[in-house]
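A, B, C, D and E are the chain letters, set down in written order, and residue numbers restart from 1 in every chain.
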Amino acid sequence: MATLELEVAEEAVTQPARKARRLGILFWVAIGWMTLVFAVAVFAPVLPLPSPTDMDMLERRAPFSMEHWLGTDGFGRDELSRLIFGARISLVVGLCAPVIGLTIGGALGMLAGYFRGRFESVVVGSMDVLLAFPPLILALAVTAYLGQSILNLTLILGVLGIPAFMRVARAATLTLARREFVIAAQALGATHARILLRELLPNVMLPLLAFFLLAVAVTIVVEGALSFLGLGVPPPISSWGSMIGEGRESLDVAPRLAFMPAAAMFLTVLSFNLVGDTLRALTDPRQGAL
Amino acid sequence: MAFFVARRLLYLLPVLIAVSLLTFSIASLLPGDLAYTILGDQATPENVAALRRDMGLDQPIWWRYLNWLGGVLQGDFGRSFRTGQTVLQAVAERLPVSIELMLLAQLGALGIGVPLAIICAARSGGPFDRFMTGTAFGMLSVPTFLSAILLIYFFAVELRWLPATGYLPFGEDPLANLRFFVLPSLTLALAEWPGIMRVLRSDMIATLQEDYIALAKAKGLPPARILFVHALKPSSLTLVTITGINIGRLIGGAVIVETIFALPGIGRLLIGAILTRDLIILQGVVLLVGAGFVITNFVVDMLYAVLDPRIRHGHS
Amino acid sequence: MTGTTLLSVEDVIVDLPTPRGNLRAVDHVDLVVGAGRTLGIVGESGCGKTMLSRAILQLLPKKAKLSGRVMFDGQDLLQLSPEKLRKLRGRSLAVVFQDPMTSLNPVLTIGTQLIETLQEHLELDDAAATRRSVELLAAVGIPAPEQRLAQYPHQLSGGMRQRVAIAIALSCEPKLLIADEPTTALDVTIQAQILDLLAREQRRRHMAMIIITHDLGVVAGRTDEVAVMYAGRVVERAPTPALFKKMRMPYTEALLAALPKLDAAPHTPLPAISGRPPDPTRPLKGCSFSPRCRYALARCQNEKPALEAAETSAHQFACFHPIEAHADANA
Amino acid sequence: QKAGGSITVGLELDIPGFDPLKVGVYDTAALTASSALFDTLTYLDANGKPQPKLAVSWSSSEDFKTWTFKLRPGVKFHDGTPFNAEAYKANFDRQKDPANKCRCAFYISNVNNVQAPDELTLVYNLNDPSVNFPSLLISYANQNAAVHSPTAWKTKGDDYNRNPVGTGPYILKSWTAGDRMVLEKNPNYWDKDKVYFDRITLKPLPDAQSRFASLQSGEVDLIWDDEYDPDNIQKAQKDSKLAVHTYEGSGAVVYAFNTKTPPFDDVRVRQAIVMALDRKKWSQAITNGLARPASNPYGDGSWIKCKDDGALPEDVEKAKALIKDYGKPVEFKTLFTATPRGRANGQVLQQFWKRIGANMEIEQVDQATIPPRAFMRQFQMTPWRIVDFADPDTQMYANFKTGSPVALANYSNPELDKLLDRARTTADTAQRIEDYCAISRLINKEAIWFWAFQNTYYAISSAKVKGLPKMYSGVIDVSRAWKE
Amino acid sequence: MMLRSAPSISSDALLEVDNLVVEYPVGSRIVHAVSGVSLQIARGETLGLVGESGCGKSTLGRAVLQLRRPTSGRVLFDGHDLTEMQGDALRLMRRRVQLIFQDPIASLNPRRKIGDIVAEPLVIAGVKDPEKRKQLVHEVLSAVGLDPTPVVGRLPHEFSGGQCQRICIARALILNPEFIVCDEPVSALDVSIRAQILNLLEEMKGRFGLTLLFIAHDLAVVKAVSDRVAVMYLGRLCEVGPSEQLFVKPAHPYTALLIEAIPMPDPDVRPAETVPVGEPPSPIAPPSGCRFRTRCPRADQRCSDEMPELRAVAPSQFVACHHPLI
């Protein structure tokens, strides 16, 4: 059986390539920005910052100074501090709401794509109902009924994201469920739960996560739109979206009040997607195999 | 095909019933009793009770729902308590605006997004592609309420090329009508093209790696024909889905844009209805908008079949 | 080599940058195809057959780096302007791909895909192009060709699709047809039909052809000359009869031996080639077959053998320890 | 002063309609339209004196409880039907009829009935004397005073609301909901020589920024504005091509405590809350200082001027002491509208009260939620507004009299009731001023409501627009304006 | 009855397929993937199953394993009717019957480590002890010629097709099954690797005493490993017989056609152009009578009227043809 000796020497099996080098400078810049934003957001309360809500009503829209590095907003509040505290809200809402969509929509989509049949019709139908319902009305109704809070805001945005996640998960599951490794698991006598969790989930997770990153970006922006309509974060809390909305009113006098949070949002959204794209390329088995 | 159409149409019904149920229950659960809103300073408890009785608000909710549904099935969507307009009148007035806005916005977004996507896909990884990716995310980070006012300042106040706000029906003066729609639809298009571009670009890149594209090149076809005839169509399924969802959403109105540009669209009607607790209008309009959405979805499904003959012929 | 040289590939190298480093898919390859002749290229998966054919067609991935010369009909394809190249492709230089399921555009009708080629190169009007398409489909053995024009690829079976692809390739009477594993995706019975069709059309139109395959059986009866590739290089090249009569390269021998024989008894162990081809991103210093070669000696690991002529100048091989004895394929 | 041309006016809100039974109360946008569509019995001149319009003369009884008006002859509604005392009475009766449950009835609660003894004579019978009656509720085209054609509302039914018919200088030509309302000059108007524009176009432009931009770009000639858009107002003031029109009204933006719920059941807390305010800074923060601080419900525009209105001093230290004295943590919620101005006020107030150790939570609700919450007393503190009234009686009585649905503070004080009753039944103006000032002192001392800013009304127009009358009660009346 | 005429070389049949019918509903129509197939496989035997793409080979294989429930018919495994089994009973039975797929890379979950993939059957079978599992995984990986230590921690994409197929075989073997359905296990592999895997399968068969149902479309490959060969066409069996006999003297025209179509690696054998033109008909509307008649040079009226039954033409060689070649 000489022919059977298949040496699996170290180099015969593909080495996971040295990842760091092929990530590129942009990736690290993006990581750097994300780290910075997360760090200041997490440590905002202990940073030596002026209070983001304390007003100096006579020092409104002050320009950059030693005291207020990025100046003050329309109420004389420290802009830098509001940006940093705003990052907390934008990130929390921007991350938590898609998580809701990811878990519920992802689970529904996987179940629908795996079990098919009537269950699938019901899931798809109810998602259509959710989509057919004007989102703003839902947002208005929920805030009117449950009141305005970050939690409710997150819930609304999360629920609104469910159909999209469902679609992504279902589409991925549909193609995967016919793949042979799933049939192989069935042939081994694996239960449905095991197949869903062990075989499908790790594979569905990838497109879902890619979509998740996009959803983070969209959520941060949509939160701003809701703030503009008075359905966003309750004042005096700041979020980037609400800051853009407030800044819009003094676009003539102090355009930076709208543009600084927009720039923060842009950099963060861009970083998220850069990192997401790179990570996806990295964890894609097909690309890795080349 | 006929079977396909019939089945989709049948599917419309349960979705619409669910939408109407949802609307009705949400509308009924809203705080702020209609009676108080109508009575205002007259809202003594006795007056409120009497008015509620008059309006049937003291009936159980399912009874009210069935009543309303009965009316709807007979084509009677009811009348606004505030303006006296019927739901159908109100929608008939507003819908053309929303539809025109939606169409022009989609046209704009596709007009910007599709060519860019094709160029980026054809040169994926190149400097132009990277630049456009950055620009796309930049545009995503400018909310419509900001871009709208910037466009107004620039095009209306500074350059005076276009009106800042307003509307004229198309029938009255087509040219003026279009001038009024340029900025609002541009605002929406600016918000939407990044999504369109991203989606189409990645689908295009995948398609361009297909064997049949290699074959098209090997046949010596000109690059334009390869991109537009061979690659675009098979890459556009996701694009169609996204556009369908966007259209469905915009039928329900683009509240922010309508507010800023003072367009009398469905979005402002809806928000006005909810802010004044004009529930009859709210329920009716949401139902009609929902129907619009479902029909759009239906059209999108049909479009899949047009785009992809495999679907048309029942192969998946 | 008889007749005029139509295509000559000279010292072609294809490098593909990958995340794991440079991948040399085609490594110093020289080939010649005479007008009206058939060349078979054989080799394992990943040995660079497709990359070589794409290098000839100038259809390499964007990031690929190509060097050497590809002389076709007197002009160097590498130096041609894209526009000139485009005029050549489909017109004088046609190709059929491996998988008929994926090589036709699923959203365009058969007719469109045929007619666009005709109109692009022959400047026919619609009626003439349609007429010619029908003739072509009939020539490749498709029943009811008029109706097929309006159909989409998915409405045809795999064999028929491959026939359509062949019809497209033949449409402008090319001088050279490259068939890149045209039957690998097909059933045995259909494979035979398609190969016969190719041979027939080639004879009829007097065009040159390159058949790429991993099955020595396919090239045996149907080619004038065979080149065996391994790890990006041509390791043996000979007129077909000479190759099968007297193969010199141990790899060629092993490849042939590994085919299950119809006349062997069931359960006879097959002489398999142990191991697997080297990682193309980590080229070996010596002969790339040496780790799997039962004749390999120290020299094989340290030095790359060049392609040298054997008995005749038409038979070349790259090996320090060629098989001297007559290797009977059916032994 | 030349006739012809047209004017386009940008208003904030979409007008729901004109039928008082449907809309209840006209808002500022509706008033602009109604003052062009409808006539009233009188109007106020630049000095605030009533002048004849549909009424050519009037007289009152000794006790000021009966007012008799002589009507202008030959006036016709836009639909051709004649205007006369009977038509006027029909308008009044329709609003007063309890079966109609009109919100508008609230404002005519002091009128017992209206009689039409002959074609051109109209008699108002009041419950309580009213010295200034001709300058009060009949002097501008609000829901009560605008005269509609009875034939029109009877024949049009539900559709009348959006197809109003009056006697005014302009006729409704077309009206697209949410968009534009086009009014054309009434060729048969009794006073048509003083009406210049051929056409008035009214547009709802809900967004303040784009509304101002529309004025700048010349699409509209005049816009409604308010002090919450201070940057633009101040910019316009400096711009020679634009003119800012303003009227300092009576009435005020106010806040009511719910005195039945803790912590506002304790007067110390209420006083502390009021004393913590710094209205100057407040005005600076939200309106660049345009808003005028208020210390009583009447305002500078009112004829009630008090030497002492009993305003609590702005004194943080004292406020802190009161809170400390109260002993318990002061935490409460205040309703605000979910609008930029609601948020702005909320955040500023929160700051003031934080300084004295009181913790206020902003509860943002949509506009439709505030009235029911207020009427059902489901609040701790709510914003409210006292609209301009030439006579404070109606509102003061409703807002503070024990048991009134609008007495939001839930506060009952026999002395206050007594003062309110006396102020409404007295004919002597000096006595009434004295009483109203006493009421102000009492309310300020008890701190059951507090006043934020006096009502100030703004309109910005292109400098070419002339002839805009004073914006009494915030009405932008362009029906007699012209362009240079 | 089919059952009585069903070919059998041994009374000790481990697997007995009896008049199996499998249909797929496609929209409003039905794909007749397998139409009344009866087979027996003796313990220790390898039955080769050949036929063109789409003729129902995989469907048959999957129906045997109850991965696709048959429309009708029985599948007796060691005397138990699998079609009647449900839930846990079936799951227990599955330890004794395994499956190897055509595409080795697709049949391994791209996101799980090789160690987990190979241990998965043990986990499902309830082997709780991780040490025990590890030991078994190492044993079986060594048995298929892979060095366990570097392999277990890696992902499938890091392996070549041949190595992946070894992993699949290891996974199939780890529970010591008695019977394995090999669904085109070498079709996706290179000539050189193919020989390795075929040899490995043969070796494993000897070592573990396996019974195999070996599916392929390549007759030469089937012949190399099978004791008997069954030829399928469009959902029906055409011919069953001992492999050598079948190749030397095919009885069914279709078998003959298949043998003829094998490309011979010999330049002197000029391929004869006798292959009939024509594509396999659609399984949605199969031809009446003999399903091969549309492509058969010998077909006559009887072939379209009457369905040929499987009958013996030589010792243990059975054919379903009205006009057999022998």
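The working rule: a contact is a pair of C-beta atoms (placed from the backbone, for glycine too) under 8 Å apart; a residue touches a chain by one contact, two chains touch by 3 or more.
Molecules present, by chain and UniProt name: A, B = ABC transporter permease; C = ABC transporter ATP-binding protein; E = ATP-binding cassette domain-containing protein.
Remember, it's a predicted structure, so these values are computed and weren't measured experimentally.
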Chain hops separating chain E from chain C, counting only touching neighbours: 1
Most widely separated chain from chain C, with each centre as the mean of CA atoms: D
B-D compared against B-C, more contacting pairs: B-D
Geometric centre distance via CA averages, chain D-chain C, whole Å: 89
Chain centre separation (chain A, chain C; CA means) in Å: 48
Contacts with two or more other chains, residues of chain E listed in rising order: 162-163, 195-196, 199
Touching two or more other chains - residue numbers and ranges from chain D: 209, 365-366, 369
In chain B, residues with contacts to at least two other chains: 31-32, 149, 153, 274
Complex contact set, residues of chain A against chain D: 53-55, 57-58, 60, 74-76, 140, 143-144, 147-148, 229-231, 234-236, 245-246, 248-253
For the chain B and chain C complex, residues of the former touching the latter: 210-212, 214-222, 225, 229-230, 233-234, 307-310, 313, 315
Partner chain A, residues of chain D touching it in the complex: 208-209, 229, 231-232, 235, 281-282, 284-285, 337-340, 342-344, 346-348, 350-351, 362-366, 369
Touch list for chain B against partner chain A, complex: 11, 14-16, 18-19, 22-23, 26-27, 29-32, 134, 137-138, 140-146, 149-150, 153, 198, 245, 248-249, 252-253, 255-256, 267, 270-271, 274, 282, 286, 289-291, 293-294, 297
Contact set on chain B toward chain D in their complex: 31-33, 36-44, 47, 50-51, 79, 81-85, 90, 93-94, 97, 148-149, 152-153, 156-157, 160, 163-167, 169, 259-265, 268-269, 272, 274-277
